[in-house]
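Both complexes shown next keep chain A, but they swap its partner, so chain B is in the first and chain C is in the second.
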Partner chain A sequence: MVSITVEGLTKIFPPRVVALDNVTLEIRDNEFLVVLGPSGSGKTTFLRIIAGLEKPTRGRVVIGDRVVADSENNVFIPPQKRNIGMVFQNWALYPNMKVFDNIAFPLEIKKVPRDEIRRRVKAVAEVLGIDELLDRYPRQLSGGQQQRVALARALVKEPDVLLLDEPFSNLDARIRLTAREFVKKLQKRLGITTILVTHDQADAFAVGDRIAVLNQGKIEQVGTPEELYDKPANTFIADFIGEPPINLVEFRVENGYIEDLGVELPGEAAGLDKVIVGVRPDEAVAAWEHLAASSVASVKAVVDTVVYIGSRLYLTVDVAGKKLRVQGLTGHTYKEGAEVIVSVKKMHIFHPKTRSRIVTLEA
Partner chain B sequence: MTMSLKGFIVFLVPTMIFALFLYYGILWNVVIASTDYSILNPRMEFKGLKSFRELFSDPAFQDAFKRTLLWAGLLVSAGNLVGLLLASAIFQFEKPRLRNTLTTFFLYPFSLSLVVVGIVWRWLYDPFKGIDVLLTKFGMPNIQWLEGGNAFWSLVLTSIWVYAGFVALLYLAMFYNVDRSLIESAIVDGASSITILTRIVIPNSKQAVIIATIFLALFAIQMFDLPYSVLFLNPFTMTVVMYVYSKFTSLYFYLASAAAIVIIVVSAFIVIPYAVYGLKKWLLAGR
Partner chain C sequence: MPRLSTVTASIIIALFGLVWFMPVYALIVGSLKSLKEVMGTPVLSPPESIDTSTLAKVFWELRGPLLNTSIIVIPTAFVSALIGSLAAYAIYRRGGKISDAIMLLIAISTYIPYHVILVPLVQFTKTLGLYDTLPGVMFGFLIYYTPMAALLMYIFITAIPRDVIEAALVDGAGEWRILRRVVLPLLGPGITSTIIFILIMTWNNFFIPLILTRGYEKHITLKIFSYVGQSGTLYNQMFAAALIGSIPPLIVFIFLGRYFIKGLLVLGTGAKG
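This part shows the complex of A and B:
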């Protein structure tokens, strides 16, 4: 049973760069948690503090039943005593050692007997499908193979926790898909508590049981991929997650109705004079007539531009002077300047000041 | 990659000027070495390899040649060893400022003129003012640093003292170049700082050995100022360059030139493999 608890974690790099700001998070046993955030959000610092490569300025880190860092009681257990397996962004394979010696390195340090080292390296290499490569040098391997060697080296010492720092960012787009699947399956099979750090939401959605979104050193939201997509806590999450990005448009509120859209607001939202409306392009369709079945709003709009993203057709439309990106129906020909009716299936309402989500309207 | 003609010429001109002066001098050496031009025979007559035959049968040159090679061997091995030890020790400190201060401290002898170093060590080796006086005070036997054959070993020691800091700097430059994540990965895997140094940092700094070896060998082959400023021209510490100097000043120009060519050839043999190695690395870098 290895869970990780992080309480009130703050890291300040002198003179005043606040990398992490009072982060509290719990990672459950056997969980695959992804820390997702744009660059500079403090996600790598978070991982390095768990590993023990950085000391927290304030806060507590507990791995399993052991306090490994506690600023109040001046506890700090160095990385070598935390039993952690870590894969670095560039994989950090030792270029002067063959694959076998790379994987054997953590065991040699622990003074494991020779033949046991050989047995364990062989076993982990088999699990990762690299047993043919043990005699090669890292430079003779492809990116995907190097990554597996790095994983093997991290796993061979049977760590309590596996930490992965942007493990897919150095891989080609093609291999990335296979690598994600592989890592996810491996994690489930070994049942090892894992934290992965990435800036790529596709990585996060592919592997994470839960995702913690970090922004400017603060956790914006923690939840399953579905929760983040369907119930974004605020405009940052809504904007950060989803492709193509969500439409976030400010509308005025009059007598409890959103102006121009004619949607009635429930509860506290009705009392505001403005709201931010979030509509995902995939949850709004532009058509010639009102699509009566299941929509929270349907409004007249004028087609501005037409774009294909992947195999899908998207339109930028003009709704009462505001630009929205919506989905088009394939097979239709949309002309610029033509009048269409946009049917919105789902709509998030955000507070204009705090920018947090008040309610989600769904048909 | 293409370069404009103008750019090509701009880069070529300084190289040409440099080459002109360098090879002009070397060429004159070759010309004089092929004669027996000296105070006794002030006519430039072609004599083929006579000067080299004479040079290699001169016991003073044989002696100087062997001594220079021995000096090079000692300076290369001990200089590398001491430099590596110094660099390893400095690398153990975490604070960059402390590291820099220590590096500067050990680099200091290298920044002094070798003549100054020679004078300082002449005092230190002096039997009536130097280290020996201290040894006597503590009841230990005197070493007689500059007595006869001792002088050579004492000067080798001084040359190591001069260059070790510089070699340490070369090693440190390579150490700092080792990818930080390799070291951190090893830390997470539980490696001690000694293990990290011996298994990861040093094996990935091999180029420093090559560079340091070449520099030390060239320094040793060109050794002149240090022995000259300690003991002047002295049969116990005579190097090839000192031999050139003594022959030139006594107006045996053909012998001085021939010995100078020997120095050039020996130096080239050290530099050529390095140049080839560097060229190979450079050409293969794109692969």
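This part shows the complex of A and C:
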């Protein structure tokens, strides 16, 4: 039963780089939490503080029922005593040791008897499908195999917490998919509280029970993948999550209606003179006529450019001088300059100043 | 077809090689000539007949100093490399401003000319009762070369990925264990390079044995120097002594040179060696 509580975590690298700014977060027992953020957002620092490789400037970290770092009471438990398993971005295997010894290393330190070391290394290697590789050196392994060895080394001591730092970023695209699935399944099977740090939203969506989005050292939003996608807290989240990226366009508001779109705004949004409208390309379709399917808005637009992303067809259209990317219907031929009608199924309204979400209009 | 640049490079290398080989060649031919011939013919002219008796005679005279020098330089090289590694690891792990300052001091100390510390070094060695003893020379060498070893080892340690050390920390290892099981094994090529470097530097050192001992018997360079007589030099014997004295470092480099180069390569590739 291991949950992790982080309270008011701040990390300042002298002279004045604020890597983490008052981060408070709770990771539940058995949860797979992903910390997602662009580079420089402080996500790796967050992970390193949990591991004990970095001391927080301010704040408290509690793992299970043990306070491992508390700036106020000057508590700091070093990484050796935290019983944590960690997989580093480039796996950090010991190049001078064979795979077996790499995995056995944490047990050797704990002075586990030899027979038991052998038994446990074999067992964890079997789970990870690397039992054939125990006699090799890390340099003789592929990236995917090295990653599994790193996982095995992290798991063999039965840690309270598993920390994964960008574990998929050094794998090529194909292995990545399998690796994600594998890690997700393994985590569920072992039921170990896990934190994964990544800049890649696809990683986050594939494995995370919940995702915490970090930006410039602050948590922007914590939620399930669906929540982040459907109810983004602000324009940063809306923009950061979703592929192709959401359209964020500022529109004027007149008499409670969004100008050019003719959409009525409810409540407080109606009182603003401007709003930021967020429309995901996948939630707006361009067609020749108004589609029978329900929509919150239907507007005339002019086709600007046509692109395929993967197998899907996307158009950039011009709505009253503003460019929007929307979905096209496959089978249609869209000509540049042609007039179309864009039906919007869902629309997020953001405050123009605070940039936080006021309301979501849905058909 | 070799490219023009390769040809040019080869020619330049050959020229440099030739220039460098010249003194060695002079040593070899000089030591094979008789005294009369060595005095009467140009330095680079080949000997009329090969006479190895001088070499044999001088080698017999040099056996004591050769042994003494080995007794001094081999432990010196190992001990300074060991102390240097420990210092470098501690400084690297501690990090921060103080460590930077210490490292700077170490780097500066490798630049101090011998003459500056001559008097205090001699007095200190006398105080310790080590003047004119083999341990005394060893002590002088250690003082002089341990900072050099620390500096070299620090450079090698920084080539080890920080992640690997941190992984060991998370795995539960203490500093000693990390040093023994992870850092030192990865430093193999670096330590070998440092040992070779210090072996050669101390073997060729003249000044420290000169000031810390009496007579000519305790270090090979002193012994070679002794062949420069006050009333006249036996050039063929001096050539022979210089030749014999330079063979051990040459052997070390020929047999261990690849480790030395491997060590230098490690610096470029992030400790993959």
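By definition in this document, the second predicted complex is superposed on the first by the 363 of 363 C-alpha atoms of A that agree within 3 Å, B and C clash if a C-alpha of one lies under 4 Å from a C-alpha of the other, contacts with A are read in each partner's own complex, and residues count from 1 in each chain.
In this section, a residue touches a chain if its C-beta (ideal position, glycine included) is under 8 Å from a C-beta of that chain, and two chains touch if they have at least 3 such contacts.
This structure is a prediction, so every number in the text was calculated from the model and none was measured.
Asker: Clash or fit: how do chain B and chain C relate after the overlay on chain A?
Answerer: Aligned through their shared chain, the two binders clash on chain A.
Asker: For A:Ile84, select first, second, both or neither according to whether it touches chain B, chain C, the two together, or no partner.
Answerer: Both partners.
Asker: Does chain B (first) or chain C (second) touch A:Leu329, or do both, or does neither?
Answerer: neither
Asker: Output check: A:Ala202 vs chain B and chain C. Expected answer is one of first, second, both, neither. What do you get?
Answerer: A:Ala202: touches no partner chain.
Asker: Which partner does A:Ile175 contact after superposing on A: first (chain B), second (chain C), both, neither?
Answerer: neither
Asker: So, does A:Lys110 touch the first partner chain B, the second partner chain C, both, or neither?
Answerer: both
Asker: On the A-aligned overlay, A:Leu186 touches which partner chain: chain B = first, chain C = second, or both, or neither?
Answerer: neither
Asker: With the two structures laid over each other on chain A, which partner does A:Leu53 touch: chain B (first), chain C (second), both, or neither?
Answerer: both
Asker: Return the residues of chain A at which the contacts from chain B and from chain C coincide.
Answerer: 51-53, 78-82, 84-86, 88-90, 92, 94-96, 105-106, 109-110, 153, 157
Asker: Looking at the complex, which residues from chain B come into contact with chain A?
Answerer: Per the touch definition, chain B meets chain A at residues 179, 181-182, 184-191, 195, 199-200, 203-204.
Asker: Once bound in the complex, which stretches of chain A touch chain C?
Answerer: Residues 51-53, 78-82, 84-86, 88-90, 92-97, 105-106, 109-110, 139, 153, 157 of chain A touch chain C in their complex.
Asker: Write out the stretch or stretches of chain C touching chain A in their complex.
Answerer: For chain C paired with chain A, touching residues are 161, 163-164, 166-174, 177, 181-182, 185-186, 271-272.
Asker: Over in the complex, which chain A residues touch chain B? Could you list them?
Answerer: Residues 51-53, 78-82, 84-86, 88-90, 92, 94-96, 105-106, 109-110, 153, 157 of chain A touch chain B in their complex.
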